[in-house]
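Alright, structures below, take your time with them.
Two complexes follow with chain A in common, the first pairing it with chain B and the second with chain C.
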Partner chain A sequence: MPRHLFKFFFPASGGAKVMESRNKSIRLARYGCTNRPFYHIVVIHTRMGRNDHPIEQLGTFDPSANEFHEKLVSLNIERIRYWLGTQNIHITNQVRELFGLAGLFPIYHRTYMKAWRNRARAETHIEKQKEEKLKQEQEEKEKEEAPKEATGSG
Partner chain B sequence: MSRELLKVFIKGSELSASSLPFTHISVRYRKPIWLPTAPSKRFRVPTRLVLPTHEKRELDRLTKNYKTYNKAMLAYHTDINSKQSVTDPGVIEAQRRAEEEDWEQSINLNNEWNAEVAIEREQRLAIEKEQKVLQILAQKKAKEQKEKEDLEKAEQAVQAEIENSKTFITRDNIDHYIEQALSSHVDYNFAIDKEGNVYQGKKANPKSSKEVTSENEEVAAKN
Partner chain C sequence: MFLNRVLPRNMLLSSRSIATKTITPAISAIFFKPEVQELLLNLTRIDLSKVFRRQKYGQVFEPPEYKFLTTEEVEKLQKESYERAVKKMQVPPIVPPRDDSKLEKLSYDPEILGHDVSKYVFTDITFGISDPKRIIVVREPDGLLREANTFERHRMNSVYFSRPECTLKHPEMFEEENLKSLCNRKEYVFILDRACTQFEPDDGLYHNILNTTFNHIHENNGFELLRSSRHFGSLVFFLCNNNMIDNLLLQNLHCNMMEDAVWLIKVYQFVNPEAKCAQMKHIEGQDVAFVQSYIDQDSPTKERLTQALESYSDVASVSM
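Entry: the complex of A and B
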């Protein structure tokens, strides 16, 4: 059967035949559309294409924040734990980050890196704001003092 | 992308890209893979990211830690899976035990059912035995009765034969009977009319016949 027909008849939510000799990975499969990504967390044979027929769908990940500034993730923990116990399973970094934040794994080191960079950026931003404020105050002071000096001298 | 394709096809022809019917659609198309690098990006050299030393050291430490934890986590889950899998000795032992328990339970249940059935069977057999005894007795009685009847019948037949034997022709009286047979002449040459009158003689005229006898007269004469 041609691949596109195969994909037509067998949906993206899983059901591909498990081949014992082949390596599997837990990774994100991008769905959604242009400029609006949406990911499925899937178990799939490593050599298959990104959106090929997965063995099983383990969850979803919506990277765009909603109105409450939340990025929503759903995980099928029971099945993930099963797949973590199988041989030759490869987990991608993006998925490792999600698993770390979900508490399945220790926090991934990239998460720490992102956090300290964000923190540093926020700190610099605050300092910048403070400096600007100080500058503004000084300018205002100067402005207030300038006419006084002018009147004093005159 | 189709628009780009069309652009390629109509290059050098009379048509132009602006003459296409869907120019009003405003979509930002991606660069097709076969088009070269944009002239503005041709000589761009991407800046290489260099991590600060302290950050790199911290990241290395975190990576090392993570890898250790990762190994432990995967081993833990593998262990759990193997404990739940069919090939684990613990699982095999548990299955065997469950099977044995099931076997024992079924045997007990079977024994109970057998005992129940045995009681029923004994009762049924006792009843059947009584019935059989009665049946055999009845058959015996019937047989005796029949034999008796048969004997009586045979006796009667013998008696009848003895009675008949008085008229039998024997060596002693055969001459007498021969004589009797020879002497008693019967002439079958006779005719009978509608009124039962018998006319003796083969060629006799019934008007002149002297031996005309009516059956009625004969019957009357006999009486």
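Entry: the complex of A and C
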């Protein structure tokens, strides 16, 4: 099927038929292009492919920060609350993280882990820098002392 | 260097240089009183040829229609067009500016300090919620979840719910220097119309722009340029709020617009209920005495106004 016809019959904003017996999940569907990801937060049957026709689009997530150092997330809270109330709904880790940061859910444990790892990395980085500085200072001192000794003996 | 990019520094007009009162909720409530609204509408002096003039904003014009009508039909149409004009002349709301220093802190989780280097901005895109009521929250890198400030709200609203007349970045004409040069060219209506569509009425920048423009109008006596535009009401309210109505009153007296002078002082009384002349009540047919009471009790420039009032009453007595 040509691309424009496919887009016409299966729009990314959703519209797939809900099958009651099947499991559904709220997850991210990658759009955007190469090296520039952009995600839709969608409700979709769990067994469907990543960019298959979703039941409904619940929001967007732009993971690249803008000029004000912000990552933009939009959530259709009313519809999210509806889908959370239905049965057989699975929510993926990435979406749980976003909902946790938004204050919709309690903060997801992966966020704590990320934060802890980032802090540990930053600490080791700082310690490394400190050690390097100390080394440099010591070398400079030795250099200063060496010519003094030479002049003193001469 | 980081903060320079976050805050639109060049946009922030120095509000300290302009000694103006900020709008409090009490004053905003006075503005929305029906009596005050009526007075402001009367002061606007609706001129239909000016209200429905051709404004050249790049649209394609259609040629005018000509019809044969009876006198009754013409009167009916004129009445309808006047009603449309009244709707068009509605004064933009005057509300207190949103205070960005008192943002609500929704939760603080110091355990997730450093989860990301950038902020996360969450916007509720639920159908059918208006821009000022939309929920927009920000998660800071240090774990603080707070309400979005005015600038962030403006950007998110224009990203997800864009309007053609409102740009994502504020136009350069509102920067201090450009605004000054526009004011010097007396493009007041252009500035105020653009500001009205660009900003929310509770934006601090909007208030600064209005203050500078109205101050410039007051200093250069450009009141006539705003007449029969929707901003004349806000100008009058601004002048009353800052006790600066003398220039406008003087102009009214010079132009023999006694009615306008009386309405102006009535608005002044509403806005300043603690002023000395606020107890004075207007009796029909005694306009001069009413204005005189204001001049005697509250006016900062008494001599010029008394002279103008005397010359007005002389002319009136001769013409009687």
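To be clear about the criterion, the second predicted complex is superposed on the first by the 146 of 154 C-alpha atoms of A that agree within 3 Å, B and C clash if a C-alpha of one lies under 4 Å from a C-alpha of the other, contacts with A are read in each partner's own complex, and residues count from 1 in each chain.
Convention: a residue touches a chain if its C-beta (ideal position, glycine included) is under 8 Å from a C-beta of that chain, and two chains touch if they have at least 3 such contacts.
Just so we're clear, the structure is a prediction, and the values are computed from it rather than from any experiment.
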* Look at where chain B and chain C land on chain A after superposing the complexes, then choose clash or fit. => fit
* Which partner does A:Y82 reach: the first (chain B), the second (chain C), both, or neither? -> first
* Could you look at A:G59 and tell me whether it touches chain B, chain C, both or neither (first, second, both, neither)? => second
* Using the touch definition from the top, say if A:G103 reaches chain B (first), chain C (second), both or neither. => second
* To do: For A:K71, select first, second, both or neither according to whether it touches chain B, chain C, the two together, or no partner.
  => second
* To do: Would you mind checking which one, chain B or chain C, touches more residues on chain A?
  => C
* To do: Considering only touches as defined above, state whether A:A122 meets chain B (first), chain C (second), both or neither.
  => second
* So, A:F38: does it touch chain B (first), chain C (second), both, or neither? -> neither
* Cα-centre angle that chain B and chain C span when viewed from chain A, reported as a multiple of 10 degrees -> 60
* Could you tell me if A:Y112 is touching chain B, chain C, both of them or neither one (first, second, both, neither)? => both
* Structure fact -> Smallest Cα to Cα distance in angstrom from chain B to chain C after superposition equals 12
* Asked: Can you list the residues of chain A that touch chain B in one structure and chain C in the other?
  -> 112
* Residue ranges of chain A in contact with chain C within the complex -> 59, 65, 67-79, 98, 101-103, 107, 111-112, 114-115, 118-119, 122
* To do: Spell out the residues on chain B that touch chain A in their complex, using ranges where they run on.
  => 55, 58-59, 62-63, 65-66, 69-70, 73-74, 77-82
* **Residues of chain C that touch chain A when the two form their complex** => 2, 5-6, 106-107, 109, 111-127, 135, 137-139, 143, 145, 152, 155-156, 159-160
* **chain B partner contacts - residues on chain A that touch it in the complex** => 81-82, 84-87, 89, 105-106, 108-109, 112-113, 116
